[in-house]
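Dropping a structure here in C-alpha cells format, bear with me for questions.
Chain naming follows the written order as A, B and C, and within any one chain the residues start at number 1.
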Amino acid sequence: MDTHETPVITAKGLELWYGSAQALRNVDIDIPERKVTALIGPSGCGKSTFLKTLDRMNDLVPGVTIKGSVRYRGQEIYSPEVDVTWLRKQIGMVFQKPNPFPMSIYDNIAYGPRTHGIRNKAKLDEIVEKSLRGAAIWDEVKDRLRKSALSLSGGQQQRVCIARALAVEPDVLLMDEATSALDPISTSKIEELIEDLKNSYTIVIVTHNMQQATRISDKCAFFLLGELIEYGDTDQMFSVPRDRRTEDYITGRFG
Amino acid sequence: MSSQSSPAQAARPGVKKKGFRERLELLMNAIFFLCGAVAVAFVLFISIYLIVSGLPAIREIGLIDFLFGERWASTAKDPAFGILPFILTSVYGTAGAIVVGVPVGFMTAMFLSKISGKKTAGVIRTAVDLLAGIPSVVYGLIGMTVLVPAVRVAFDLASGACLLAAIVVLAVMILPSIISVSETALNAVPKEYEEASLALGATEIETYFRVSAPAASSGIAAAVVLGIGRAIGEAMAIMMVAGNVANMPSLFASVRFLTTAIASEMSYSSGLQRQALFSIALVLFLFIMIINVALNVLLKKSRKEG
Amino acid sequence: MRPEKKSAGRVAYDRVLRALLYFCALLTCALLVLLIGYIFYRGLPNVTWQLLSTQESFRNDTIGILPNILSTLLLIFGTLLLVLPLGVGAAIYLTEYARNKRVVEVIEFATETLTGIPSILYGLVGMLFFCLALGWGSSIRAGILTLVIMTLPTIVRTTQESLKTVPQSYREASLGLGSGKWHMVRTVVLPCSVDGIVTGCILSIGRIVGESAALLYTAGSAGILSRNLLQALESSGGSLTVALYMYSMERGEIEVGFAIASILMILTLLINLSAKFLGAKLKKN
C-alpha cells in the first residue's frame, strides 16, 4: 500500500497495556513524509495513546507496557540506545489544551533551543522570529515578546505552542486534538497553518472532528477499541470505506 | 390548648416558640461573633501594648541613637542604648540561615514532589513534621553541647558560641517550613507545563528546575519569607548557642539577636533599661508585621497561580 | 538514522542536580535520626523514676522534675479549656454565620497575624499585662492566658478546615426540616467536624509542650509542688522546656537537660503520630 511514499514512522505489531488493560492491539501503520495523517475514532479508542507512543510520552505513565516495534526513519525508538530527549526533539508535540509556560512569549519559544544548548542571543532571536512566523503569529506578538504568554487568547496561545514546538526544528509534529479547546475562528487559523506546515513537516493529528479530518488530512486512520480498523487515503476512506465499522463511525451511527 | 378547632389559637404557640428561637439565634450569632472578634482584639491588644510600652524609651534615647547606635551598655555607669548590633545580628543571622536552609529545603521539597515514590515521600514527610515538632530548647541543647564545641575546635576559637553556630541551628529549625511550603507550591504546578517541556526534548531534571520551579516561584518565595519570619522570631535556641554578648556581628563573634536581647535582660532589668527592651520588642514586631504582609501577598499570588 | 546522545554538559547538569536532590532529602532525614538518636543516647539513661517522681531537694542533693511535668499538664489542660470554645466559636462564626466578607477577611487576617508573632513577644506582652498590670506575678494562670492567645489561630484554622468539608447538602437538609441555624450547627455541622477539632487540640498540645520563650517570663521557672490546684494556678511553675533551659543553661546540669529532652522527644513523637493518624482518618471520611 502506497509504496511510492517514504514512511517516516513505521509501527509493526504495536501493543500497549496500562497495567492489565490493553489499549493498543497489534497496530501496523506507515506514516508518510510531508503529509497530514489524521487519527480518528471514538473516545477511548487508543488514538491518543498511539500518538503518544510515537514520541514516547507514554513512558511517563506508571505501569505502562509496550510490545512490538516503532521505527522512526529506520531507528527502533524503544531500543535502549535511543536517548528519549533526541527522539522528542525530532518528533514535536502540541497538546489539546494550550499549555504555554508561565513565562514571556520569547522565553517560551527559546526554551527548547536553550535546552538543547543554544545560548547565543542573536541566534535565539533569529529562531524565535522564524518559529513565530512559521506558526503564523509573528505579526500579532512581535511587539510584546517580553509579555507573559498567558496574556494571549486561547487560539494565540496554541499557535505559540506550535511555534515553541517548531523552534527545536523537529521533523515530525504530533498534534493531540490541538483545536478542540478553541473557538471556530482560531480553529480555522490553525487548520490553515497545518496546511502550510505540511510542506516542511510530517504531521500526525488526532481529531474528534470528522470535517476537520476531511478538510486537512491526506491519510486517515480509524481506531476502534485499540485496533487499527482501517487506514488509507482520506478521500477514499470518507467516500468508500472498506470496513462496515468505519462506515458506521463516519456516518455518525456511533461514537 | 385542648381544642384544635381554632387555627389562630393553634398557631399561637408556634409563633411564641419562633420568637424564642429567633432570640436564641441572635444570641448564638452574637456569641460566635464575639469569639471571632476576640482574635482581632488580641492582635490590636498586642500591637497597642507593644507600641505604647515601646515608644517612651525611643523618645528618651532618640530614634536615630536607638536604631543606629552601635553600643549597647545598659548597665554601665554611662549607659548606651544603641541596638544596631542586635538589628544587624538578626538580619545577618536570618540571611545566613536562609542561605544555608533554603537550598537544602528547596531540594528536599523537589525530591518529595517530583522524584520520590509515594512510600518514600511519606517517610520523609513524617521526618519533616517531626523536625518541625522538636521544641526549640532541644535544638538549643544539642547546639550547645555538640555544635558549639565543634565550631570551637574546627575554627580554633576561644569559644564556639557565635553567630555561625546560631546560623546553623536556625537553618535546621526553618527547614521544615521551607520544605512543606515549597512542596505544596511544586505540587500545584500543572502537569501540562511539565509535559510540554518533556515533549520538547528536555530531561526530567531540566524540566523540574527550568519549568516547575519558575512556575512555583511565588510559593517558593512564600516559603523563604516564612523561613525569614521563623528565623527572626526564634529566641530560646539561639540564646543557648550565640553567646549573648552585644557585639557588632561577625561570623565568629559572640552575638545578641533582637529576640535574645529582650530575653537575656528581661529578668533583672528596670527603669530605662527595661523600657528600652520594650522598644526592641517593638522593632522586632515591626519586622514581623512587614514579613507577615509579604507572606500573605505571596501566598495569595501562589494560590492564584496553582 | 542514528540517534544522537545528549551533550556532556547536559548529562552532567542532570547527574549533579539529581545527586543533589537525593543528597538533600537524605540530609533532612539523617538530621532527624541523628538528633533523636543523640538525645536518647545521652538522655534516656538519666530518665530515672526518682527524676520523674520527686521534686528537687537541696537537702538530699537530688533533682526531680515532677513539678515541671505537672505544670506542663496544667498548662495544657488550662489552655485547651479556654481556647477550645473560643477557637471553635470563631471558626463557626467564620464558616457558618458571617455574611460580610470584609469581616471574615479582617478576622482571618488577625488569626494569620497571631500565627506569625514570635513567642518571645507573646511572653513579653503576657508578662507586662498578666504578671505586672494585673499583678498576678509569674504564675501558671498568666502562662495559660498567654498560651490561649498563641494557640487560638491553630484551633480556628483546623476547625475551619473541617467545617468546610461538611457537605452543604447536610446543612440544607437540616435547615429544610425547619431547624434554626444554631440547631443545625449543633446537631449536624459540629458532630461532623469533631475529628478536625481534635486534630487542632493535638497540634495545640504540641505547640504548648514545645513552647519556652512565651512561658519563661509568664509562668516562670519554679519547680515546687503545690498543695492544690488553686495554689498551683497562682504560683510560678516552669514547664518541661523551661526546666530544660534552666538546668542546662543556668545550672550546668547538662545530663538533666538531656533527660528532659528525651521526655520532650517522646511526647513530640506521640503527638505527631496521633496527629498523623487522625489526619489520615480525616482524609478517608
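Convention: contacts are C-beta pairs under 8 Å (C-beta built on N, C-alpha and C of every residue); 3 or more make two chains touch, one makes a residue touch a chain.
Computed from a predicted structure; not experimentally measured.
Judged by the touch criterion defined above, the protein chains are all mutually in contact, each touching every other. Counting C-beta pairs in contact, the pair that comes out ahead of the other among B-C and A-C is B-C.
The geometric centre of chain A is 49 Å away from that of chain B, both derived from CA atoms. Once the centre of each chain is set as its mean CA position, chain B and chain C turn out to be 14 Å apart. A straight line joining the Cα centres of chain A and chain C is 54 Å long. Looking at chain C, one finds that residues 6, 10 touch two or more other chains. Residues of chain B found to touch two or more other chains are 203, 206. With touch defined as above, residues shared between interfaces to two or more other chains in chain A number as follows: 85-87. Listed in rising order, the residues of chain B touching chain C in the complex are 21, 24-25, 28-29, 31-40, 42-43, 45-46, 49-50, 53, 103-105, 107-108, 110-112, 115-116, 123-124, 126-131, 133-138, 140-142, 144-146, 172, 175, 179, 203, 205-206, 209, 229, 232-236, 239-240, 259, 262-263, 266-267, 277-278, 281, 284-285, 288-289, 291-292, 295-296. By the touch criterion given at the top, residues 1-7, 9-10 of chain C touch chain A in their complex.
Taken in their complex, chain B has these residues touching chain A: 190, 192-193, 195-203, 206, 210-211, 214-215, 305.
Within the complex formed with chain B, the residues of chain A that make contact are 55, 57, 60, 85-89, 92-93, 95, 97, 99-103, 111-112, 115-116, 161, 164-165, 168.
Across the complex, chain C meets chain B through its residues 6, 10, 13-14, 17-18, 20-25, 27-29, 31-33, 35-36, 38-39, 42, 85-90, 92-94, 96-98, 103, 106-107, 109-114, 116-125, 127-129, 149, 152-153, 156, 180-182, 185, 206, 209-213, 216-217, 241-242, 244-245, 248-249, 254, 257-258, 261, 264-265, 268-269, 271-272, 275-276.
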